[in-house]
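Quick one: structure below, then a few questions.
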Amino acid sequence: MTLVTLAIATGFALVLIGLLGALTDRNILRMIVAFTIANTGVNLVLIGVGMLPGRTAPILDEAVSVAQAAARIVDPVPQALVLTAIVIGLGVTALMLAYALRLHQTRHSLDIRTFTELKW
Amino acid sequence: MREELRKRTVTAPDGQTFEIEPLKDYFCEAQPQVQRPAYAKIVEDLFNWARSESLWILGFGTGCGAIEMRPLMTPRYDAYRFGIQWRPTPRQSNLFVISGYLSVKTLKRVIRSYEQMQGPKYVVGLGSCTINGGMYWDSYNTIKQLADYLPVDVYIAGCMPRPEALLAGFEELKRIIRAGKGEGANRYAENFEWYKANQKRVIQDWDMPDYNW
Amino acid sequence: MVSAIFILAIGLGAAFLLGLLRDTWRGLAYALTLAALAAMSWIAGSWLVALAGGLGPVEIRTAGFAPPFAIALRMGLPEAALSLLISLTGLLSAVYMRGTLMRLGRRAMAVLLIAVMALVGIVLTRDAFNLFVFLELTVIATGGLVLLSADPRALGAGFKYLVVAQVISILLLVGVIFAYHATGSLNIDDMAAANLVTLKGGAIAFFLMFVAVVAELKPFPANGWALDIYESAHPAFSAILSAALSAAALIAADKMLSIGGPEWLPVASSLGLVSFLGANILALAQDNDRRLLGYSSIGQVGLVLVVLGQRDILGASTPFIAGGLLLAHAVAKAGFYWLSGLVQGRSLMDWTALRGHPVLIFAFVTFVALLLGLPPFPGFYAKWGLVHALAADGRYLVLGLILLGSLIESGYLMRWFGYIIKRPQVDLPPLPSLSKRAVVLTAVAAGWALGWIWGEISGYPNLLLSIPLLFALGFLFIEWLPAWVKNLVAIAGLGAWFWYTFPGYDPLHLIYAAIILVGGAVILVASFDAKGRRVGFYPPAMLMYAGLSMLILAQDSFAFFAAWEYLTIGSYFLILRGKKSEPHALSYILFSLGGAFAILAGLALGAQGVLPFDVADLAKAPARLAPWIFALLAIGFMTKTAAIGLHIWLPGAHAEAETDVSPMVSGILLKAGLFGLTLLLMIMGKQSLYGIELTYVMLWIGALSALVGNLLAAFQEDAKRLLAYSSIGQMGYALFGLAMMNHLGWLMALMFVINHYIYKSMLFLSVGGVAKRTGTRDMYRMGGLITLMPLSFIAVLIGIIAVSGVPPLSGFGGRWIFYNAIMSSEYRLPMVLIFLSGPIAFLYLFRLIHTIFLGQLKDEHRKLKEAPLWLILPQMLYVAFLLGFAVVPGLALRHVDAYISEFFPAHALIWDDITITSTFGYWSPISIMVVVGCIFAVLFLWLLVLNHRAQKVKQFNIVYSAERPFRPETTHFAWNFFAPYRKALGFMTLPLVTRFWQAQTDLLHSTAQVSRRFYTGNGQTYAVHMLAFAVAVYLIWMGS
Amino acid sequence: MPFEWVQIPYALLTLFIVVNYGLVLTALIQKIGARVGRRHGIRIYQNYVDLLKNYALRTHITHGVMFYLGPVFRLTGGVGLLLFVPTIFGSEMFSNLSFAGDLILALYFVFFGSLGMALGAGESGHPYSAIGVTRGLSQVTAAELPLALAVFAVSLQYETLSITEIVAAQQGGVTNWTLFTNPLAVAAAMLSFLGSMMRPPFDVVLAPQEIPIGPPTEYHSAYLALMQTNRVIFPVAKVVIYMNLFFGGATGWGEFAVKVFCIYMVSVLVGVVFPRFRVEQSIRWFLVWAVPIGVLSIVIA
Amino acid sequence: MKEMHARLRHRHAMGELESRRPDLAFVSVSKDSLRPLLADLRDREGFTHLVLLTAVDWIEDNQFQLTYLLHDRAAPRDLGVRVMLDRDNPVMDSVHDLWPTAATYQRELREMFGIDFPDSPRLDEEFILEGWTDKPPYRRDFDTLEYAEKTFTHRPGRETHDPATYMKQKLYPDGA
């Protein structure tokens, strides 16, 4: 099993664990944590997909010159994507936490089952 | 007087209210008129013959004497061959046979029916009760003399008169009509006040118009 | 031209700028927001103008690199249109939310700007990951904007949304990265070019992306979260969500489909169909307005998805059709949500508050029409094109389901409209806010403008520009005038149009034209009776007349169908005006729309994609399809003539309509169906389906209609219902005549057309006049009105003699021709029913005249006056015409007779001086009239001589078994008039048909009631739905 | 067939003959009915006397215009029906006013009198009138159906709607009568005939003991006289139609008298034997027994 | 009958049984015990049918006698129950709730005897007489002849004969 496969497998496992947690745990905060785990898993998958064994990080400095870049570094795009995704995930998580806070303030509960007044 | 015949106030669909006086608004108040023979004598004679040969009896048995009328329709007596038949509605009848005793309550209906018949019309009093009260001479509820209330053309005495007597009575009536003397309707109209006074004396809750068209 | 990227830049920049402002400078912040949104709209608008002017799509490369190294944007015509839609919706919503935004401050405004910017970004971007980013931005912005709502429940809804959004984002992100891995590019066009789905792992990558994007469309049934937001969010935000987000998500889905290729089109179609049908069915059970609108949104989006999925056959017309549907939906739904902000209650009934605000009602009507795709709105053109394409390609299932879904949708929307107009008004007046109303009206204007635009680019003559329609719409602008002025204008308009079009008619069309235009004008004379302004009467009435007059002029199928829709809508609004007409108007419009869909499908099948399609070319329809086309069209037309089985809407609709509306919808409107049938039979002739001759089936339907209509009429207590059922019977006769497919049958049908118009209009007017005076329509409450209303009596008398076919009036002519017609026809058995129903007509006719005019006059009617002059006047015209027509039927008929000879040369009549001779018999109307008149006069004189002194007596002077009547009510024999007949044949009046249709609607409703339980309100459950949905899509995809 | 003025006196002559014939015929029928009950029955001239008496009544009332016109409508219907049908085949004199229309006219004109009468009776305001009318109308819906079917079958058979031509086709021997060439149609028509003659078992319309003679309850004097006149013309006119359609018509007044009498007697014979049906019973009876025969006749035709 | 009487005596105050025929008997009861007795008879003893309700004016005793004649269809047998009322205060409980037909009889008695049955339906409506203003005509103190002479005109010359003597005279004029 290569590192890449391991990374991707771990990523998917995290995704699944996260989703499972998010879908089974009633507590909003734990759901948020679960989603964070799932996001991390996704990010890991992203990295894993962009990984090329034996290459270095896509940073152009003294170690890797521009001319060698194409052969020496891994694909930089997934890395950029991961960065963006992390930022966005952070935003969403923050928003969810804000919601959790407001929900707790107004409804004094963190159980997702208590917020079913809108249905049907 | 019955509730329905009293004055009442009604509201029209458009909201206006007005009064209804049933006896005036729903019944014709005109008095009966005397209708003299209008045509030449020979024509009137023909008409009188026709009237006499076409006696249509109102099918209204006012008392027990009505039982004697039924045999007239049977094969044994068969009054039809004399031009006599029974009609179910006063409008089409011209002979009213008061069959036996007449209670005050029935008298009211009899007057109404008689007045609804079209002239010339005839009244036959059947049985002693119509003549002088008969066996009901002391009854508090039976009239004693039919002639006080309606213009009688022929009385047929008996208690009861048999069908043969009735046939004889009808033949007598025919003679009277043919002689031009069957003018009971006119007598009634001429002496309308008198008849009405008599009628109203016994019918104490007079709740109909003076003449029932 | 400003680069399109500035739309994004301005949005983003302004949002940042807002963050720099002081929190207290709210006015400035708000101005800045509006300015930014306006600028974005302006840029999008200018692009739209430029692109519509012929400019090709423009690629925008950020950072100056070509993809895949940088993100590419594209500005094409669809993108420009949707960008404009999004930014305008944002702008208007911002205006609408002024109060809320000022209260919440710059952050809220910034979030709004971000939301709009992100939505535009979704539209413009060609980069998959960028798409993800914008979608996430939308999610975040949505999460923020949901909190704008004053509704505390929105908090929970927003959180559920975020939960689901997380799941979606995971799917999307994984999909994107694998797609990138497979193709080495993030650019959507590159992915498409690389044929992603065929690459290793690419298919699953695409599947994940596709599911995630489709999930943003809130597909049924994985959409509980969205409904909660629709229900609880601020209406202006719901407007954005429904109009802008849906548009953006749809274009995203479109982009995905461009990657997925044709293999994924059926999947998209099925998902769309499920959404369209499911959401609409569930909407049936909704009582909350915003939730209902949410369901409707989901349905509409589903429909557009179907269109996208059908792009393989729609080809170049896809943007036209999808755009038409989408824009109509967006404008209407945004308008609806804005309108809902004006209404204070959240139940559907609370919308009764709109009553008394004609402008808002007009807005509501416009939105409904936009949603339902009624002409002249874009949805109409779109559906027309879609249905034709589907029919041409043989995708009948899709076609049928789309029409079914549309019918259900019209069911709840029309029902809602009925509530607004008819239910008891709640005491919560609409908010007076001028700015909010202005926003709503902007949407209305946009709707009409779209109608005009779509008319212009449709390739057909613009529906909005036809003279009759403009005339009808013109009445909207003179609503402030008194009714009599408008009436004059209306009559003049009808007359002028008749005079203007007169030279173009052949005899057959002339008959219909005369009935519709001249006859309509005569009925309008009765409308002078109305007092005040009579708001809301003339526009629909004139719309109906416009539709009718356009119908008979229509050459191609498009004009025909549009006219059909006009007359349906117009008459619906007319019928709805009646006092208790709400349920009947609803069933009318549902049957009519159902019928219209059948017609649409029939026409589409006939056209086989060849457009424009001349109606006369139906004759050339392929033999395989011809019987089906015939059946569909016949069913459509027969809903209008209320043939048995499709008749249940008629009695209530005609009976509950206003006095002068009843003759319009009975005397005139029913003829539209007959006209259609005439045309159909003339063009297509006899058709057989599975060995059964369809005209023979129609013969039976006609005969059954005649029988059941007449029988039911005999048992009615309500005078107008009686007349209504009688119409069913009369239409049955006419249908029967047409279906005989011979010369005399047609002549008879046309004679029925004329006669039925005259006597039914006359009877409805006189009965309406009586009902107006007596305040009731129950016949047994009337009675003895002959002396008080002699003219009405004469009208009814002449009317019933004519209806019953007794000589010497014109009805006899109809019967005579009828007998001659069946002599020359080879069908025997259906005649038995017709023969039976003939005398039954006497039953209800006698009942009509007896229980109203004869018998005992009631207390409260003793001072009634004759019906109003304006109602009497047309009746007397009809009486005169009936008498005239009775004497000289040839004036109208011999030309028609000659005309029919072109189609059926055999058995033409011979019109001598005074005698009309057929192959079998002869008939001389004048002689009959003279003979009967002479005998009558002699006998009358004879009776006068004998009886001239007759004593006039009053009503209780009757022999009454020596008793006397006490009350007129108990003396008037009227209620349950034909009790013995009911004993004998009452079993035939069991409401089987009503029960059948009731069972259908009950089934739909209980389905809706049961399946809505699916949405438990639990956010986790919704997330599970989403995953299950993904699995389901996967299965569908594998399956297809 | 063009109109000539001389047809008017001829038509009047027909009318005169038929009125007298009808007066005597109905009396004779009544006598026959009486003999069945072992009575002598009315005198043969009794109808004249009754008619004269009713014309000679001195007082009259009226309930209104339609009440006044009702009998006029009624008799117009009777006279018109008679005159629209040719009475004697082959006779220019007695083809009456049949130039005005064919069989259909005759069949539909039957209703003219009934309708007017019903309206007149309705204005009297008497509930019995209305009840009688409802019964009559209810019954006629079912009773007319077999006739309509039979007429349809016969016109199909002869391929014409002209009564004269139908009669012409039946000339030349008894076997040419429709009775023998199309027995089913005739059977259906004769059953319908029973229902339209106001005789038992189908006379619940008048029902003297129950709703004193139904529609004419309020009519009297000259009104009644007009209706009586109609009562003698109308059945004869109706029988004439039957005679022309099914029994070969009549070539002379003698044949006319015999045939009309015989056809009329059918309803009498049935009437004296059977008690009365209620309305729904008679409707069912017609639908169950008479209509299928009629249907059969047109299916076979 | 006898057993039944013996049985019922324990429960109801009632007089001796007057037997007329094996299947017909009369019994007198007091006004107060009538209703329970009637109910008992109807519900337990099988006298389901009220044949008639009639009255006799015992003017000498200043009393009205009411007779409720009951019929037992199953047996079959009849029982008359008699009640005496004070003539000055003729009021009796209505039994229309036991037998609806009783209402009609009670109307008649009200009109003809002036006996009051409170709560009986339509009690005060006219029954046979219309517009009657005099005292109830079946009371024996009402003089019908006097009333008739006052109200109606009589035809003069009317004679009254005792049928026996009259026929004797007619048939045997010579007195043999």
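Going in written order, the chains are labelled A, B, C, D and E, and every chain counts its residues from 1.
By definition in this document, a contact is a pair of C-beta atoms (placed from the backbone, for glycine too) under 8 Å apart; a residue touches a chain by one contact, two chains touch by 3 or more.
Here the structure is a predicted model, which is why all the values come from computation and not from measurement.
The set of chains touching chain A and also touching chain C is empty. Looking at chain B and chain C, the chains in contact with each of them are D. Contact analysis places C-D first among chain pairs (by count of C-beta pairs in contact). Farthest from chain C, judged by the mean position of CA atoms in each chain, is E. Seen from the C-alpha centroid of chain A, the farthest chain centroid is that of B. The chain closest to the protein's centre is C, with centres computed as averages of CA atoms. With each centre defined as the average position of its C-alpha atoms, the distance from chain B to chain E rounds to 36 Å. Centres computed as Cα averages put chain A at a distance of 113 Å from chain B. Centre to centre, using the average C-alpha position, chain A and chain D are separated by 100 Å.
Rounded to whole angstrom units, the spacing between the C-alpha centres of chain C and chain D is 53.
The set of chain B residues that touch two or more partner chains comprises 89, 91, 213. The set of chain E residues touching two or more other chains is empty.
Shared contact sites, meaning residues of chain C that touch two or more other chains, fall at 951-953, 955-957, 959. Chain pairs that touch one another are A-C, B-C, B-D, B-E, C-D. On the side of chain B, the complex with chain E involves touching residues 104-105, 108, 131-133, 137-145, 148, 198, 201-206. Of all residues in chain B, those touching chain C in their complex are 2, 4-5, 8, 10-14, 16, 18, 20, 22, 25-28, 30, 60, 89-91, 109-110, 112-113, 116, 208, 212-213.
Against chain D, in their complex, chain C makes its touches with residues 784, 786-787, 797, 800-801, 804-807, 812, 815-816, 819-820, 822-823, 828-829, 831-832, 835-836, 838-840, 842-843, 846-847, 849-850, 854-856, 915, 918, 920-924, 927-928, 931-932, 935-936, 939-940, 943, 946-947, 949-953, 955-961, 971-974, 977-981, 983-985. In the complex of the two chains, the chain B residues touching chain D come out as 32, 35, 38, 46-47, 50-51, 53-54, 56, 74-75, 78, 80-81, 83, 85, 87-89, 91-92, 94, 118-120, 185, 213. Of all residues in chain A, those touching chain C in their complex are 15, 19, 22-24, 26, 28, 31, 35, 38-39, 42, 45-46, 49-50, 77-78, 81, 84-85, 88, 91-92, 95-96, 99-100, 102-103, 106-107, 112-113, 115-120.
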